[in-house]
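Chain lettering (A, B and C) follows the sequence in which the chains are written, and residue indices restart at 1 in each chain.
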Amino acid sequence: MTQQDLEAGVPHADVLEIYRRTVPFQAVPEILLGKIAHLGNSAFYAAGEIIYKTGDDANDICIIVSGRVEHELEPQAQARRPLKVLEAGDVFGWAALLSKYPRRLAKAICTEQAEVIRINGEKLLRVLETDPAAGDHVMSQFATMIARDYTVPGLGAMLRKIHRRIHAGDVQGMNLTLYRYQQWLKSPRPYLMVVGFTLFVGFWYLAVEVWKLPRFRDMPGITAVVKEWLNPDPAYGLSIYTPEYYKHIGVSIWRVTQAFFLATVLGVSVGLMLGWSKKFKEYVFPVFETLRPIPILAWVPLAIVMFVATESAVIYLTFLASFFATALNTMLGVESIDESYVRAACCLGAKRAQVFRHVIVPGALPFIFTGLQISVGVSWFSLVAAEMVSGQYGLGYVINTSYTMVRYPTIVIGMITLGFVGYITSAMVRAMGDHLMKWRTRELALGAQ
Amino acid sequence: MRNGKPPLIDSIYWRGAIAIVVFLLLWEMGSLSKVWIKWESFEWLRNTLTAMGFKPAYLPWVGAIPAPTEVLHAWQGVIRDPGYWQSWYMSLFRVMAGFIAAMLIGIPFGLLLAVSRTAHGVGFPVFEVLRPIPPLAWVPASIIFWPTQEMSIAFVTFLGAFYTIVINVVGGARAIDLRYFQAARSMGSSQRDIFWRIILPGTLPSIMVGSAVGMGITWEVVVAAEMISGGGSQIGGTSGGGLGFFIWNSYVGGSYEQIVVGMISIGIAGFLSSELLRWLGHRVTPWLRLR
Amino acid sequence: MAAAMQPEAAVSTTTRGAISIQDVVKIYDPHGAAVMAVDHCSLEISAGEICMVVGPSGCGKTTLLNAIAGFHEITSGRILLDGEVLCSTEKPKAEPGSDRIVVFQSGALFPWKTNLENVAFGPLVQGTLSRAEATEKALDVMADAGLSGVEHNFPGEISSGMRRRVEIVRALMNNPKVLLLDEPYRALDSLTKSVMHEALLEIYYKNKVTIFFITHDLEEAIFLGHKVAIMTTRPCRPKKILTVDIPHPRDYSVLTSRRFRELMEETNEAVHEEAIKAFAAGEKEG
C-alpha cells in the first residue's frame, strides 16, 4: 500500500478516461481512481487467443481498452444469456471479486486483437478500503453490472465486502482509540501540555511557598495540600485514608444522581411535548419562560421553606437547574428535525405514535444529549451552592466548613475532588450519548478522516 | 411550520396569558389553602401527609409559599425603601464588573488559544482541568485571597462567565470556514488583516452566544456569592448587600413574602440584562439578521 | 447500454396509478397578501407512465406534488388517483398514504436507522409484515438493486448517489401506485446522475409504477419521461405538454440520438423563457 502511495503520481489522463468510461468506476473520486489506475497492467492478446477458461484461478479483473472479447459463462452460473461480446470499456473477470468463486466462471477468447488492462482483485479491494464510501459504491456498481449486463441473478450478493479499516463504533473502536492515542503521542501536544501543567503547578508552588508573594502566602500551598491529601493521619481530618472523605463524595454523587434522574425523566418528556404539540407549547411555554430567568440559587431560601427536610431542598434545587436545561434543549431538538423526515414517515404509513417513536425521539437525541451535558454541569454547580448554604455532608459542605474552621488545605482538596467527580459524570453522560447515537459517531468519524 | 395554515398570532398570546393566569390562581389557592381549608375535617389527609414527612399545617410545598397577593403587597412596601434599590444597584454593579472583566480577559485569551497552536497546547489542558470545578467552590479560596469581600465576589463572578466565553471563542474561531482564509490570502491579505477582518468577525456570533450564556451564569454566581458571604461589602449598610443578600436577609428575618419579591426582582434584572445583550448582539452581527 | 440488449425484459404493464389533476388552484395566504402558486392546472397521467414536470426553481411544481402526497391543502379543483378522489374543493387535504410515496429533494432516509432498517420501515409500521419477514424482503430487494454490502451501514456512511437508491428502494418496498420524486438528483454530480438515471429506469422496468418526477433539468426530463410537462413560473400551470416518442427501454445512447436532439430543440425555448421570468421575479432557490 505505502509503496503504491509513494509512486502514485497522476497517471496519464487518457488512462483515467478509460477507467471512468467503465460502469463500475464511474463517479469514483479522482484520487481513488488514480490509485486504482496504478494497479492496472496492460496486456495484449492476439485474435483467437484465450485470456482465461472456465475453472482457472481468478486473480484479475479486466478492462478492455480496444478490440473484442467473446465471453461465455458456464451453465452453472444460470445466466439468462451466457454468451456476450465485449467491447472497449467493458469489464469482465469479476469472478476475482467474488468470495465463493476464486475460479473463473466463464471462458474469455479474443475475437480480434485486443488490449486489456488487468487489475489484481485482491489489491483492488485493498485500495477501495482506503475510501470505504466510494468503495461501497464501486462494489455495488459491480453487483448491478453482474445482474444486468451479464444477466446472472444472485451472484451480486457474493461480492466481497469492503472492510472499513478504521471504524468508530464496533470492536474496532478500541483500535481507533489506540490509533488516535499514537497520533497524539507523535504530535507536540503532550509535551506542550506538560509545559502548561508545570507552569501552573510551579507558579502555585513558588508564589505561595518559596517567594511568599503578598496575598498568595495566605493561600494553601501545593505541598501542604498534597501532604494532607495523602496523609493516613490528616491534620484537618480529611484525606484519602479517612472514610469521611468518601462519605462526602458519596453523598454529593447520590444527590446529583437523584436530581439528574428526575430532571432527565421530567425534562425530556416535557421538552418532547413542547416541541411536538403546538398547543401544549402555547400554553406552557410562557409560564416556563417566566420562571426560567430566576436564577436557581435565588430559590435557596424558598426551597428551605418549602421542604421540611433539608435533603429534599438540596435535591430540589439541583433538580430545578437540570430540568430547565434538559427541557429547553429537548424542545429545540424536536423543532430542529427536518420536516421531510416526518413526511417520509407519514408516506410510509406510520401513525402519529409511530412517527413520535421512530422520528421525533431519535431525531431529537443529539440535542437531548447536549442538554444532558449542560444539565450535569449545572446540577453540580447548584449542588455546591445548595450544600454550602444548607445541608450536612457533601463536597460543597466540606469546602464551606473548612473555610469557617480555617482548614485551608482541605478547601483545595474539596475543590479538586469536585472537579474530578464532575468531570467523570459528564464523561459518563457523553459516553452514554455516543453509545445511543452510533449513527452520529460513525458519521462524524468518517467526516474526520 | 407543521401546518400549512399560518397560526393566528393572537392565539399564542391569549393562550400564554390564560396559562399564566391559571398558574397564578393555582399558586394563590395553594398558598391560601391553609386559611380556607379547615384541616380538622380532613384528618385522614393530614395524617397521611404527616406520615409522609410533611408539615401537618398546610399543603405540601405550595402551601409554604406566600400567595401572590401577599407578595404584591410586600412589594408595595419595599418599593419605597431605598435599601431595596441599593440592592439592585449593588447586584447589577457586581454582575457588570465580573462580566466585563470576563469579556476583557476571556475574548483575547480565547482568541490566543484559537490562533496559536503552542498557546493552545500549553494553556488549554490546564483550562480544561480547572473548568469542571464549579465557580462557587472558589468562594472560600477567593475570600482568603482577595483583600476585600467585594473583590472576592467579583472574582467568583468573573470565573462564572469566563469559562463559557473562552470555550465559545475557541470553538467559534476554529469553526470558521477555511475557504475564507484561502480567499483572503489569495486577495493578498496580511496576517493582521486576517485576524481583524476574518477571525474577529467570524468569531463574533459565538462570542455573543457565549456572552448570553455567561450572563445567565453571572447572575447565578452573584446571587449565591452574596448569600454565602453574607452581604459582601459594607458600602450600602445592612441592606446594601445586593439582591441575593436581600433574599437571604428576608429569610433570616422570617418575611417570606420578601423572598419572593427578591426572586422576581432578580428574574427581571437577569431578563433585562440578557435582552440588552441580545440587542447588542443583533447590532454587531447585522449579517445574521436575514436568517 | 444494457437495457437495450435485453428485449425479453420488456416493459411490463400496469393498470394502477393513473393520476388526474383537474383544475387545481392553490393560493397561499400567509400574511394577508395572497400569492397564487398554482393556477387552474390540469394534467392527466396514465397508469405506469413516467411524467416529468419541468419548471424553474420555485415555480410551484413542488406545491402540486405536496397536494398529491397529502402534505398541503389545495384551494380548489380536484385530484383523482385511479378514479378515486384524493382531494377536492370540499376535502382540500389528501391523506398521506403508502400508495403515493415521496422521494425528497434533500433525501429523507432516517440517519439514525441503518439502510436495512430504513428499507424495512414501511411494511413494519403498516403492520403488513413481521420484523423477520420485512428484514428478509428488504435484504432481497436491496441485493436486487445492487445495494448489497451496505445494509448495515448508516445512510451517513454511504455516497449520496447510493442514498438516493436506498430511498427509492425503501419506497418500492411498499408496492406503491405512484412514486413522487421531488428533484431527487439535484445535488448529485453529472456523472453520478447518469448512473442514477439508468438505475432508476432499470428499477422502473422491473416494478411498474407511475412516476411523477419534478426536475428543472430538461435533458433529464426527456431522457426519462414518457411525457414532459413544462410549467409556467408562478402561478404554475402546464405551458406545454410533450410526448416523448422515443421507445422504452432506453439507455444512454438515446442522448446522442437525432430524435432526442429534436425534442430538446423543440422545448428548450419554452423552458428558457420561464427561467428568465423566474429569475426576474427573484425567486429564491428551493
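Keep this in mind: a contact is a pair of C-beta atoms (placed from the backbone, for glycine too) under 8 Å apart; a residue touches a chain by one contact, two chains touch by 3 or more.
Please read all numbers here as calculations on a predicted model, not as lab measurements.
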Intersection of the contact lists for chain B and chain C: A
Find the chain most remote from chain B, comparing centres computed as mean CA coordinates. C
Find me the chain with the mean Cα position closest to the mean of all the protein Cα atoms on display. A
Round to the nearest whole Å and give the separation of the Cα centres of chain B and chain C. 51
I'd like the Å distance between the centres of chain A and chain B, where a centre is the mean of that chain's Cα atoms. 33
Taking each chain's mean CA coordinate, chain A and chain C are separated, in whole Å, by 34
Would you mind listing the residues of chain B that make contact with two or more other chains? none
Expected list for chain C, residues touching two or more other chains, is 71
Any idea which chain A residues touch chain C in the complex? 20, 23, 26-27, 80-81, 132-134, 136-137, 139-141, 143-144, 147-149, 151, 154, 156-157, 159, 161-162, 338, 340-341, 343-351, 354, 358-359, 362-363, 365, 437-440, 442-443, 446
Sort out for me which residues of chain B touch chain A in the complex. 1-3, 7, 11-12, 15-20, 23, 53-55, 61-62, 64-65, 117-118, 120-126, 129-141, 143-147, 216, 219-220, 223-224, 227-228, 243-244, 247-248, 250-251, 256, 259-260, 262-264, 266-268, 270-271, 274
In their shared complex, at which residues does chain A touch chain B? 188-189, 191-193, 195-197, 199-200, 215-216, 218-219, 278-279, 282-287, 290-291, 293-302, 304-309, 339, 342, 377, 380-382, 384-385, 388-389, 395-396, 399-400, 402-403, 408, 411-412, 414-416, 418-420, 422-423, 426
What residues of chain C sit close enough to touch chain A in their complex? 1-3, 5-6, 8, 69-71, 96-98, 100-102, 104, 106, 108, 110-114, 121-122, 125-126, 143-150, 153-154, 156-159, 161-162, 170-171, 174, 189, 191-192, 194-195, 199, 202
